[in-house]
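Below you'll find the structures, each written out as structure tokens.
Two complexes come next, and they have one chain in common, chain A, joined by chain B in the first and chain C in the second.
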Partner chain A sequence: MKLIASCKINKTGVYLNSQLISRNDLSESNWITELYYDSNKEYPKFHKMDNLAKLAFLGFLFLEKKININNYKDDEISLIFSNASSSKTNDLKYINTYTNKGNPSPSLFVYTLPNILTGELAILNKWYGENIFFIQQKFDPKFYIEQIKFYFSKGAKAILAGWVESNDKNEECFLFFIEKKEGKLTIEKLNKLYQNE
Partner chain B sequence: MNNLRENLKEQIIEQLNLEDIKPEDITNEGDLFGDNGLGLDSIDALEFIVLLESKYNIKISDPQEGKKIFKSIDTLASYIEKNK
Partner chain C sequence: MNIFITYGGLISPLGNNVNDNFKNMLEGKSGISVTKNTGFNNEDLPLGKINNIKGENRFDKLLSKLCDKLVLDFNKSIFKDKKTLFIVSSTKGNLDDLPNDTFSSTRRILKEKLNVKNEIIIISNACISGVIAVNTAADYIKYNKYNNVVVIGIDALSNFITYGFQSLFALSNEASKPFDKERKGISIGEAAGCLILSKKELNNIFSVIYVGGSSSNDANHISGPSRTGEGLYRSINKTFNRANINEKEIDFISAHGTGTIYNDEMESIAFNRLKISNIPMHSLKGYFGHTLGAAGVIELITCIKMMEKQTLLKSLGFEEQGTSMKLNITKKNYKSRLSKILKTASGFGGGNASLILKLKE
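And then the complex of A and B:
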């Protein structure tokens, strides 16, 4: 398996293959929206997304500059994602609509699963490949490598994988793109990329 | 009447949790649904139905009506003015 590119986004900026490529002077409150406007991409649906989907969308926009998804048919790219907090941030907003505001919000309800972000990426790219979302305590590079091997054994030609987390203390996105080619991706390498080292 | 349109913009932003959007980003005549507008979809149409009931006490009996009513701020405001 060959690592083609990685992208890390957090409040300090955007890192493509561990290099800072975008601003690191983002505001405390709406840094995710600031990154969207900086991207000059017009995608009205962005404003409806929860922060998990927004982060994954932005991560893909940056990662896309370093990969060639046109090399693949629409069902040859699999998506493997995980995080620790599931969709908790949005779940709490949804609960607030029916406990304090009187009506459960349909537009928040649709984001009360973390794997909606894989659906958003699939819709954006018109992909029909396999996708899966795991809940884990922390980013686990060994687990990703096992899963990537499994999906390659089942026919995937490339994999977009990622850790996208949103909780009251931390919001971050780490995406990486792997092709089924000669190459070695180690646990150490993947962990270093995640740590931005 | 313009007050109604401005109120609607604020209510839509709140109801649909469009935290990044400001009222001035929404025009009176522009499409609310589809990729050329605010990118709203059928789920958001449900939000509009809830909004009309809760804020204006208007019930939409025929769901097919929704497409025309929810097209823009102007069409939504006209419907409210006629039915409240």
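And then the complex of A and C:
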């Protein structure tokens, strides 16, 4: 398995293959929305997404520059994602609509599942491949490598994997794209990319 | 190499074990009943509620109860074995723990009650969680990582979920009637079930063989089913290929059938495109309601029980064809040879999944 590219987004900035490519303007109240405007991409659906889906969408926009997704048929890329806090940030917002604001919000309710972000990536790219979302205590490179092996042996030609987290202390997105080619993906390598080293 | 799969336990409004649940289902009983003042505006709603679980932390109480049953019914050594993996399928975990993590209690309870040593894998992928949890379990066995994988499917009732589906106008005002002309939507339910996949057959328990499975996204809408059934169509095709089985060999389909207009219509289109709409099929949502992360698991438990008894269960609540494409929905229970069953699921996020079980030769 060959790692083609990775993208990490957190409060400090955007890192493509560990290289800082843009620093976030933290004086802006919402750095995630600022990143969207900076991208010059027109995608009105962005505004209705929760932060998990927004981060995954933005991560993909950056990663896309370094990979060639047109090499693949619409069902050859599998999506393997995980995080620790599920959809907690949005769950709390949704709860607030029926405890304090009068009525439960249907537009927030539909984002109270972490796998919605894989649905958004599938819609964006018209991808019909396999998807799975795990809840893990922390980013676990060994686990991803194992899952990637499973999906390659089941027929995937490439994997878009990711860790997308949103809680009151931390918002981050780490995406990496793996092709079924000669190459060695190690735990150390994935850890370094995740840490932007 | 064969991958064996058997049922481990099932707690639902219809009983505290697999046999009681199945007996009640054979008698045509539904676990859905009207519960007072449960809606956002204090409406009385039909729900699949387990009445002897009370107070806060329903999820934890339900999971603990399932674990206690497992300890009684199985040799405990299987659970703490280093070669046994646990996979939990749930959409929400314990919502009462918010703003803390809603899945911490799952890990804690399994460690305390069952002495689980390995890291617990949690799959949260909306309503297809259960089916893909079983597919994942099979991967771990197939690639020789573990000898046994215990798959637990669980979700508990909550205002969070009930109010949410109410806000989408997706709830039925009577027990849900999947595929029926008069269907009006979902009845939410709660349940916990357990399946065990293994390399070797477990002693003294009926088991069948897991043949293959897959998932596929609709790439269409995050909360609305595809109008062409594309994701479901593709997943089932992929599963047929992986299992090396063709549609003519399938004896029965355990469909998703939530009872909403759009979902059931989508399934009828996908089954028609696949030319499998004449195969007898049912949805179990009329018995349990829609139990979200538990659904795939408890429906597979029922499939295995049906194969054991070589008996088809009717699709409770179904009377008259209600989809644009004709389906062969079972209207009564009957004895029939069940050697291969196709299980399907579809859910929010555009997810679709399927798998095939077969009888041992």
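To be clear about the criterion, the second predicted complex is superposed on the first by the 192 of 197 C-alpha atoms of A that agree within 3 Å, B and C clash if a C-alpha of one lies under 4 Å from a C-alpha of the other, contacts with A are read in each partner's own complex, and residues count from 1 in each chain.
Note that a residue touches a chain if its C-beta (ideal position, glycine included) is under 8 Å from a C-beta of that chain, and two chains touch if they have at least 3 such contacts.
It should be emphasised that the depicted structure is a prediction, and the values quoted were computed from it without experimental measurement.
Of the two partner chains, chain B is the only one touched by A:His47; chain C is not.
Judged by the touch definition given at the top, the superposed model places A:Asp38 against neither chain B nor chain C.
With both structures placed on the common chain, the touch criterion links A:Asn125 to chain C but leaves chain B unconnected. After overlaying the two complexes on the shared chain, residue contacts for A:Asn30 are found with chain B alone; chain C is out of touch. Using the contact criterion defined above for the overlaid structures, shared-chain residue A:Pro106 touches chain B and also reaches chain C.
In the superposition on chain A, A:Asp75 makes contact with chain C only, while chain B stays out of contact range.
Chain A is touched at more residues by one of its partners, and among chain B and chain C that partner is C. In the overlay built on the shared chain, the residue A:Lys93 is in contact with chain B alone; chain C does not reach it. When both complexes are overlaid on chain A, the residue A:Glu188 reaches neither chain B nor chain C. Annotation: chain A residues 103, 105-106, 110 touch chain B in one complex and chain C in the other. For chain B in complex with chain A, the residues that touch the partner chain are 15-21, 35, 37-40, 43-44, 46-47, 50, 54. Residues 74-75, 79, 84-86, 88, 91-92, 94-95, 98, 103-106, 109-116, 118-120, 122-123, 125-137, 146, 149-150, 153-155, 168 of chain A touch chain C in their complex.
Those residues of chain C that touch chain A in the shared complex are 40, 91-93, 95, 98-99, 101-103, 107, 121-126, 132, 136, 139, 143, 145, 159-160, 163-168, 214-223, 230-231, 234, 238, 242, 348-351. Interface of chain A with chain B (complex): residues 30, 33, 36, 43-48, 93, 102-103, 105-108, 110.
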